[in-house]
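What follows is a set of structures for review.
What follows is chain A paired twice: with chain B in the first complex and chain C in the second.
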Partner chain A sequence: MTDLTRRKFTVLAGASLAALSTPLFAPRALGQAKPRLVVIGGGPGGGTVARYVAKDSAGAIDVTLIEPLKTYTTCFFSNLYVAGFRDFKSITHNYDKVKKGGVKVVHEMAASIDRDKKQVVLAGGARVPYDRLVIAPGIDIKFDSVPGYSEAAAQVMPHAWKAGAQTQLLLKKLNALKDGDTIVMITPPNPYRCPPGPYERASMFAHVLKKKGHKKSKIVILDPKPAFSKQALFMEGWEKHYPGMIEWQDPKMHGGIKSVDPKTGEIKTDLASYKAALANVIPAQTAGKIARDAGLADQSGFCPIDPENMKSKMDANIFVIGDACIPGDMPKSAFSANSQAKVAAMVVRSELVKSRAFPARYSNTCWSLIETDDAVKIGGTYEPGEGKIKQASTFVSQKGEAADLHKQNYKESVDWYAGIVADIFG
Partner chain B sequence: MADVKPRIKLDKKEAKKGEIVEVKALVSHIMETGQRKDSKGEVIPRKILNKFACTVNGKEVFSADFEPAISANPYIQFKFKAAESGPVVLTWTDDDGSKIVGEEKITVT
Partner chain C sequence: MIVWYRICRFSMVAITVMIATAAPVWDRSGAAGAPDMELGRYLATECMTCHQSGTATSSVPNIFGLTETRVTEVMKAYRDKTRPNPVMQSVASRLTDEEIAALAYYFSKSKKP
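Now for the complex of A and B:
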């Protein structure tokens, strides 16, 4: 094996498969329907994999995307909507171009997966058979992870960690605040969607309060984690732009969150109690229900995958991508989901129509806006290693960087948004 | 700030004589170091809490000098040995001489 590297092996394997592909594929094309890819979830992961397989297989694979919503509001950039940098329309997308790209879009809820029969069962009872299934169901909120919180409480104390009506509710409550009011944020334990997201949101709250001249208002962050993503950069930014406004408490300080009361807005920790005019409670998270019900998740509530190909460790015909999977060193982000989707799309095509597969490579960048034209970023490249998706390289903004660079970061993030939504939704 | 009332927690309200009592306290304060410059390049004047002290029934059990490196909204955690019942008074002294005071009670049996 000394001189047979994985790369060479892939090339060799690809070549031999290519030679075989004609006789294998021909009877199938004549006698049977085309191979079928079914995708559950029309977000960054699902949208990307559906479009890429449809485009790159040029009609050789029958692609069906199952997504109950007619429009998709992106969670990424929803903090910028809350702060008034974007309007709601600009973060909401439809599936017209996905359909035009050769994907059959079924706007219905996928109720369950019949893994033995290789069929997805829709909420209405219809069954959609698949040869390969990619699921990208995103996260479910664990409402009971915060004492006193519930799905009903979320109508008063929004989590807004799934974008849409929750985000609009959050903005409505933010707009109703008066000077001197307290915003309390409860941030989630690891792992969760968008690690820097809660702290960008706190920054955006502060931006709005500052703009309104609410000098007496405070933002208290009650964190179950002793540290968070880009912490030094956020804290530097908070001191610079919003001195004294944001108070972050680690679990040693607050001693644990004892209760939240949606009726009174009271939030109690072991150290103190707060009367929150706006409570933004972001609970712990798990993989979407359909993944857990299908037995694709482990004890962590998320789905283990093979880092070489994004396949579920529980079922070789199913791929799990995006926030629902266990992505090793990658964070749960739209960028990650999009990157994982491209690996899954490549492997799906190689298995169904014998196209050539390359070794899996992944990448991610997370930008966070702290104040107008002041954005920081963190990112990396990743590849399979030690049984997981392993970080191969990394970069992160540094403290004390020039304002120009942070302005450039913001521009880069705006360009990235335009690019990724075009990649997902066409 | 909206709420300069310090948040104080004793791990017990009643203690036997000689028992250890843990105090946690968090206070909202900007803790401006005096080393930063504003957008015009002018130094932002220092404004920190420079001294902290805790008394139990009038007797000092713990004190600390705070320096500019202490973060905003300073959090302090310490222990004292229960000796007598009485008010537990925590006092933070600002550079401008003003004080933030918080009070709890301990009963020693």
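Now for the complex of A and C:
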């Protein structure tokens, strides 16, 4: 490649993307200097993979991250924000350090993926060619999985399962409650993002109500599942800190969720009807639209991957990581997304610049806060096995553990948060 | 024993992968000799999730710049479950001696990002 063309590319790269409808870079076959990695989605999955490839390839790979948001509010610790343990600023991060780390960040939505041409088409029409593409678009909410619920209804009955304005709305509604009011939570069916998340949220609601001195308020959880993550630990914690306040109902107890009415706040099950002063409806979930539209998802709505390398089973040039993929035994968590990103980054480098490849290894830990200084945890290590990401070891907090151990868990989770956001956003 | 088992298992994985997808062969070249910095760097990515903002006093401490002896000692103690903390015991449970040596080498030679 000549100096002239290289300069031209630099100019193009810096030009307004919206103005371009032709490829941002010439196809590699025509003399592209560096191999190109394009990443869709700047959350725990996408942010991590972009930063690691840029850092470890030391400029040998051209890394572009496509993410419409200028700031990203983490779902993890958003329950702690609702409870007043964190402020909104502390869970909101920008991409300045990602850019400083050598990643080109394009703040635009990816509209589609042209898999034949190996190009991502942006919402404004520009095309971004790739040699390898990593997609980490997270989840989409299946609004119609709860009868009566819709995107519009979420303005009255927030799901707050994507952090940001929804989480702020949830807090506003929580703060407006009076003693004697009822919170109704509808929790999602498997698989969904953050298995213990809804139950940590119920705990944080209870923390707020207790702190405000509510004596009669209730939290009713209508669950489509017969059991949930860390159930025994949550129930022990609820009994200890909030006796009688949280009522969890499995499908046998409520008989099925029949309807929600955003106008009246009425929620009907097969066996009862509730008037919710605050309804937190968390519907079923599916992989982000871009992944489904590109034909990377199967009938489950999520994307099958090769556990050895996080590659899509549908396209060997595309990796799917984070909540959008089918992660085998791993839960859908920020920790998992970050862990999968590191495997993908290692494989991308080995394919594009022939760096060494190592066997894939994954890990996860999820901490959940039940009350001030009382946190429990679950986690494990994972490796490829039996055609999936298979659990290799596991651990979970035990019932009846000493209070100082749970306080230590909380401290650990605070340090984890600081670590992981630095790992994702620099 | 464990080491041999793991090396055998990795080779089997590598062969399967080569046949199935022509993906890169897993490189274990550093495993038998001096500590393997590249392997250490890869394995250390798992540690970065929690440890990169650690200070000497935080519950998830800084581990950059520790001596090889210290990292090796601590990781083996977690692997043997003589040091408490299920998260670290779980992380250490799958590490071979060579992998612990690679990690220890990497952290002793690396500065906090």
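As a convention for this text, the second predicted complex is superposed on the first by the 394 of 426 C-alpha atoms of A that agree within 3 Å, B and C clash if a C-alpha of one lies under 4 Å from a C-alpha of the other, contacts with A are read in each partner's own complex, and residues count from 1 in each chain.
Operating definition for what follows: a residue touches a chain if its C-beta (ideal position, glycine included) is under 8 Å from a C-beta of that chain, and two chains touch if they have at least 3 such contacts.
Just so it is clear, the model here is predicted, and its values are computed rather than measured.
Partners chain B and chain C, once the complexes are superposed on chain A, both fit on it without clashing. Look at A:244: by the touch rule set out above, it reaches chain B but stays clear of chain C. Of the two partner chains placed around the shared chain by superposition, chain B is the only one that A:253 touches, whereas chain C remains out of contact. Of the two partner chains placed by superposition, only chain C is touched by A:350; chain B is not. In the superposition on chain A, contact is made by A:361 with chain C only, not with chain B. Within the superposed three-chain model, A:315 lies out of touch with both chain B and chain C [touch as defined at top]. Of the two partner chains, chain C is the only one that A:412 touches; chain B does not reach it. Measured by the number of chain A residues touched, the leading partner among chain B and chain C is C. When the shared chain is aligned, chain C comes close enough to touch A:395, but chain B does not.
Minimum Cα-Cα distance between chain B and chain C in the superposed model: 26 Å.
Put simply, chain A uses no single residue to touch chain B in one complex and chain C in the other.
Those residues of chain A that touch chain B in the complex are listed here as 180-182, 216-218, 235, 239-240, 243-244, 247-249, 252-253, 255, 270-272. Of all the residues in chain B, the ones that touch chain A in their complex are 1-3, 7, 9, 24, 26, 28-30, 32, 36, 71-73, 75, 77. Per the touch definition, chain C reaches chain A in the complex via residues 10, 13, 17, 21, 23-27, 38-39, 41-43, 45-46, 48-54, 58-60, 86-87, 89-91, 93-94, 113. For chain A in complex with chain C, the residues that touch the partner chain are 52, 56, 306, 308-309, 316, 335, 338-339, 342, 345-347, 350-351, 355-359, 361, 363, 365, 377, 379-381, 383-384, 392-395, 408, 411-412, 414-416, 418-420, 422-423.
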